[in-house]
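For clarity, chains are labelled A, B and C in written order, and residue numbers in each chain start from 1.
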Amino acid sequence: MNAALARGLGGGVLLLVLWEAVVRLAAIPPWILPPPSGIVATTWSARGPLLDAGAMTLFEAVTGYGIGAVLGLVLAMLLALATPVRKLVLPMVVVVNSVPVAAYAPLALLWFGTGALSKVVMVAFIVGFTVFLNALDGLLRVDPAAVALLRSFGAGPLGVLWRLRLPTALPAIMVGMRVSTVRSMIVAIVTEMLGSQKGLGWTIFEAVLQIDFLRVWAAILVASLISLGCFAAVSALERRVVFWR
Amino acid sequence: MTDAADQLDQLLTVGEAPAARAKLQLNGVSRRFGAVQALAKVDLGIAEGEFVTLIGPSGCGKSTLFNIVAGLLEADTGGEVLLDGAATSLLGKVAFMPQRDLLLPWRNVLDNAILAAEVEGRPKRAARETARAMAADFGLKGFEDHYPQQLSGGMRQRVALMRTFMFDRDLMLLDEPFGALDALTRAMMQRWLLDIWSRYRRTILFITHDIDEAIFLGDRVVVMSARPGSIKLERRVELPRPRDPALLTTPAFNAIKRELLDAVEEESMKTFAAGAA
Amino acid sequence: MALLRLVLPLLLLAALWEGAVALLQISPFYLPPLRQVLGAIWALGPAYAQAFMVTLGEAVAGFVVGGLVGVVSATAFHHQRWLRDMLFPLFVASQTVPVIAFGAIVVLWFGNTLLAKAAIAFYLTFFPVTVNALAGFEAVDPRQVALLRSFGASRRDIWWKLLLPSALPRIFTALRLSAGLALAGAIVGEWFGASIGVGAMLLAALFNEQVVAMWAAILTAAAVGGAIFGVVALVEARLVFWRDEL
């Protein structure tokens, strides 16, 4: 085990110990800040419903993520090919993007109801935007001299896209995908909190109403673990795809 | 020579041009990086006001030597670095110009030139006035407010030199200041540097890969050996000053060049053989 | 010219909105005509202005503190390797926590005050700034640091004259991203019981199923976002003028 890893683990353990000690010594009531041991105990005893809720949220997040990533990528490639359209569309995209997605959540609920659809749409929306902007930036940031060289070999716009732009943009695309994982979970939860009958967001909302803050913390713990897992998975994928970095 | 004779010699030479007191004295300076012995027992003395040029094969430890004299690197124990006869902390005592110009892109010419002065705590306004007055000497008149990315390579180099001169220290270390310039610009910069030096009179230690440059500029040329670097040869250059380009084709110049070339070539071959092995 | 570049997409978007509603006969349930939305804002001008100011204040408070904390922690991480090894993984992990879920707890801690929303905005802001500032510090040429040290520069000199300016372009990239995140934090923070602000307006519109009011709130949110973003871009243009020429 290397020193950095040891220090990182040490930091995590230190935080937990400190948290536990402060809560116990200062006798902080659990509704203000429960000790880590209490959160873990609650999570364990409520593992059944929490896992169900987590699975629901994960399903919404993953579905929306897939749809959004594909749409964002395809759109970015289309706009990378069509310069005039891009010059027209891009500023408008930036304006629409300047509104935080959270603000669109009520609209999605109104349009698509309180079922899973509204969450999937919201997740696809944010993931799509993130991937689109990152991918487009990467696709356009190629060396003009390299483009000229490929064109001199007789490559058309599609050839340039496939052989030059896409590989060049891969790191940027993967960054967008990685950042999107965490966002997709957050957006799914936020939308659930506003209106749903299932999922972690709904669990949190219910727990707040019942003033059961230990359950709120337990749900946060489950959500964080799922996010961390997705993040790690996409990071691993990134290391594979962008091996030359 | 005995001490008594030495003293007598000094008495007799009183009144002659600058007393040959050592500005900088290196005694047995070594440095290793892990398994790499970069410098091995370097002995070198530089007199006040002297212009010494240093040549040696690539990777022989020239920049390492400079970093030690500038106080950026510690020498290994056993050797000593004496500035004005004393072994003091060297940071902030020597005007050092690294191998690249390292200009800051967010500062214009004047503000880049006063960087060292600013660090010393001199008031900005006064430092800028001094720099403005010096700009003409450094061929930068009219470019005071330009940013580095708007300058040619030769001009950037002159800004870096001006920054070094503005850091008002008796000893200047210049690490291949003209290495990246084309031959014409380089020849002009050499003459210009000699002109500046005769006016600002500092002690200069100057690294170069170019033997012509080393002879043309120096009072003395020091040749370093292949790694581990030590002093292989010192050659005084008794060519008259001021020097002009015609000097480069004189027999006297060529005689010195022949002598140095042999030494440098021998060391370069060693480096090459070591690299090929 | 710069103004035109700003206004043109807005006008285009407005025209597109009005045109689409009229031509495609979109039901006002999905997209009411822009005129109607602007009319609603006009009719309740002071209320929207108040919401704008309140949400702006919350977001900016969190944003500013988050930016400062980001730069300070990046500085600490840059100078102390062990601190970075110890805390940076925690910083990363903290960002996988769905902070929004914290909203209820943060409001419990700080009450229904500006502080609660600013805290959420802060939580979302500091991380990107830390990451980018650190990357900026690490990218500084060590020879440049050596040069300054040869002038006898102290750590403080080096930070002010070299590290900070070198890292500014990356810091601003993060700040532009964080501006949007801070606003999202403020809006969601208002969902836990606030009565004034853009987030509160959105929630009220959702409960009353008023699509026009919802779009009016979204436009107000866009105005807040645009205001923060605009100021950041202006400051960036002044401070990082040398970047384009690099």
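Quick note on the criterion: a residue touches a chain if its C-beta (ideal position, glycine included) is under 8 Å from a C-beta of that chain, and two chains touch if they have at least 3 such contacts.
This is a predicted model, so every value here is computed, not measured.
Ranked by C-beta contact pairs, the top interface belongs to chains A-C. Taking the mean of each chain's C-alpha atoms, the chain closest to the overall C-alpha centroid is C. In this assembly, the C-alpha centroid of chain B lies 51 Å from the C-alpha centroid of chain C. The geometric centre of chain A is 56 Å away from that of chain B, both derived from CA atoms.
Chain centres here are Cα averages; for chain A and chain C they lie 17 Å apart. Taken in their complex, chain A has these residues touching chain C: 3-4, 7-8, 10-12, 14-15, 31-32, 88, 91-92, 94-107, 109-111, 182, 185-186, 189-190, 193-195, 200-201, 204, 208, 213, 216-217, 219-220, 223-224, 227-228, 231. The touching residues of chain B, counted against chain C in their complex, run 67, 70-72, 91-94, 96, 98-100, 102, 104-106, 115-116, 118-120, 147, 149-150, 167.
Residue ranges on chain C touching chain A, taken from their complex, read 5, 8-10, 12-13, 16, 29-30, 82, 85-90, 93, 95-102, 104-105, 108-109, 180-181, 183-184, 187-188, 191-192, 198-199, 202-203, 205-206, 209, 211, 214-215, 217-218, 221-222, 225-226, 229. The part of chain C that touches chain B in the complex is made up of residues 141, 143-144, 146-153, 157, 161-162, 165, 240-242, 245-246.
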